[in-house]
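Before we start, here is the structure in question, set down as structure tokens.
Read from first to last, the chains carry the letters A, B, C and D; within each, the first residue is number 1.
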């Protein structure tokens, strides 16, 4: 009979469902979202490319002149790159609404000059 | 079995079926309402993980191990890093061991409460399903807060853990668990007192003690048949050697007992997390380990939420593993499952199937098959039937 | 530790001169390598005397010229005893243990399929995991099969 | 179909009668009620489970059932090759038309039903049985394993709950001394007492029987989704499924209307409250009760259900009739 009591208790309660697209969801601090590169810090050491378990990072060019291609569609958000980076040039953002229909739009190309273009 | 006009009919369950949350196919030979034969077809989620382990580095393999299964991701990584640490002879700092234990128990909590919901749903008790999944959400958010992700925590690394549990995090865990404990007690009571649920679960899916041992059942399936067998107690890993707990088992051998075992394990897990938080030592989180692993072999075992999980690693001195073997609890439980299914009602199939808490992606990890083009094959259970139906 | 020693001694007693190597790298882990053929004979005694009552799994490894089979047993869910032996790769045949340990049925079939080991006396060695049209004689876990090659075979219609 | 049949019988219909049949309290009202009660059922069920339920279509998701219906109408209508084409095509129409027909004899907006006649209670019972026969035929004709198992289960279920259900419906009729639903409702209002107070056991039996008739948990065995996918409805899609859905909603209206008429005094004006409003209030309460019951149970197995019905429900129903025979509760 405890279900009956439990069910009756729910009538006056606010539904637990989050009305997601309308009501924005918040992620916890420290969430592992899309990684961001700070190209000012990057020294082109190739560690992130070599350690990435899913091959989501490709480094074009060498050393301080290198550019980074980041494939969002391959990324598994493990933050291994952020962990291994010797100069802390990679940070995990809190972005999580990353799904899309077009794979070609999921390439982020970090160039030496300011902004990354999707 | 076949008598006169009333021959058997074949009822397929899956690969797409409401009772199965993952793609797997079972064909039931049904005589009236009674199952007389089971033919599972496996492999719908084969990804060739074992071969894939051999072409990646040790660090990359952590994340591959994590993705063998979603629900028990921490169990798989723990098992993997333990195997590698074992070969390396790395001494994991005690604080890291405690953090591993805490995450593992939180994972068990959310996995078992997921199971309680599924079991309720399988017998049409959707209200309880909604309640348990609502409250499970608190644990998921907690894990997100601690580790940075709801499912793939990525807490383990070879030689320790990657993130610390802060004192804030610890108090958050405590307060969440206090609320969760009350809810769990309530649901445990509902499942043990609600007459309609008892009618469906009591005496259903009988797996006798000796059968369970002979057929190699593991985890709550085995403990629900009255065998006190738990890797955490028998072969302590991480910090389990220092946390006092009693292995829970029940003699009933039916689905109800598996339910009770899981409910009690949830309550026990809460106590274990509390104990671990109280006694967590301070210190380093990880030790540095070399990228190449010297030649050697190791067997690592972990009590995943579904039962005994075993990984075997063989290294050859390079940065890549020579042979990696995973034996997931679901595979070990399949022979026992087939034994319990034969002779049951059609209506009881979903509950019995759910009773072992199957995790097919764990089970199917072994071979390499392209998920898009893989075809089906028959796993004739003739020999199993001969063994199991005496 | 005492229990490990006891098991080690028991194993030495049972296999006597057929025992090639026995290791106890850490607590509750015992690795024993024995000669091919002696394992099946000793199995009843392993079960009754050493009380290895639970078969965790069987691992098959391709060592190049040979295939190594490792039988992982536990005793009351505690000590893991791994008994292994090597069989030649060109005629990989070994006696089944399913008559003594029913739990081995799936594990043996998996190895049969993945490494091409033939288990004599196994009730049914039909494909367990690979698709029906998977070409015969291609064993994915053998070292001479590359991942890319398998991907190609797997995606073929 | 339905109004066509009615029109033939009463060739000389006044425009008002046509309006009554087609709009109020006829077809239009019944459809509105069907969708409205489905919404109540879904919304209340969701709230019991701490969810929102329908939310976005119309205010509070009121139009969600209509939207679902329209969506299903536009979907592809797949007919399995192996099925019995004629029966497969006819059963959705029957399933939809039968409760609609029965609703014309139940008083809704005034003290008598639209086409009330002496003995219409028997007619409604017959409709209830025919619905299950339709379900069985639908499952059988679809030539699918799940469909056949579902259909057989539905028939088996009917064999167990039909007698108690019938007895529970006959109870008020014995008390009122008439087999006309309108007469039973009028008897209650003229005696100023509702049958639920006279025959509480009968009311309980009727609710249990209707739960089974409507295939609600714990008796949703014929369409138990985790066991046999969608049961007898598995193979139906598009328009046919839409008709089944509306048929189910109409059945819910019929069930609540029958309970209201037989046990809650029917559509009687209570002081300033007009008959239609009192009917609505009563039926909504019945719907809420049915919804609540379906939320708090697990599903029975078919053998448990059959045994339980014959062992417990039938003797209880007979006991109620015996009590009435001895003059208690009339």
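The rule we apply is simple: a contact is a pair of C-beta atoms (placed from the backbone, for glycine too) under 8 Å apart; a residue touches a chain by one contact, two chains touch by 3 or more.
Please read these numbers as outputs of a predicted model, since none were measured by experiment.
J.: Contact counts by the stated rule: is the higher one at A-B or B-D?
T.: Comparing A-B with B-D, the pair joined by more C-beta contacts is B-D.
J.: Of the chains shown, whose Cα mean is nearest the mean of all protein Cα atoms?
T.: That would be chain B.
J.: Please compute the C-alpha centroid of subunit A, do the same for subunit B, then give the distance between them in whole Å.
T.: Subunit A and subunit B have C-alpha centres separated by 28 Å.
J.: How big is the gap, in whole Å, between where the Cα atoms of subunit B centre and where those of subunit D centre?
T.: 44
J.: At what distance in angstrom does the C-alpha mean of subunit C lie from that of subunit B?
T.: 24
J.: Which residues of subunit A are in contact with two or more other chains?
T.: Within subunit A, residues 3, 7, 16 contact more than one other chain.
J.: So which bits of subunit B are touching at least two other chains?
T.: 127, 131, 134, 194
J.: If every chain is a node and every touching pair an edge, decide which shape results: line, ring, star, complete or other.
T.: Graph shape here is other: it fits none of the named patterns.
J.: Mind listing each pair of touching chains for me?
T.: Chain-chain contacts present: A-B, A-D, B-C, B-D.
J.: Help me check something: in the complex, which residues belonging to subunit B touch subunit D?
T.: 9-12, 17-19, 33, 120-127, 130-131, 134, 194, 196-197, 199-200, 345-350
J.: Quick one: which bits of subunit B touch subunit A in the complex? Just the residue numbers, please.
T.: It is residues 56-57, 59-64, 66-67, 127-128, 131, 134, 137, 141, 144-145, 148-149, 152, 154, 162-163, 186, 189-190, 193-194 of subunit B that touch subunit A.
J.: Which of the residues in subunit D come into contact with subunit B in the complex?
T.: Counting only subunit D, the residues touching subunit B are 48-51, 145-146, 149, 217-218, 220-221, 224-229, 295-304.
J.: Can you name the residues of subunit A that touch subunit D in the complex?
T.: The contact residues of subunit A facing subunit D are 3-4, 7, 10-11, 13, 15-17, 19.
J.: Help me check something: in the complex, which residues belonging to subunit A touch subunit B?
T.: These residues of subunit A touch subunit B: 1-3, 6-7, 16, 27-32, 51-54, 76-80, 83, 92.
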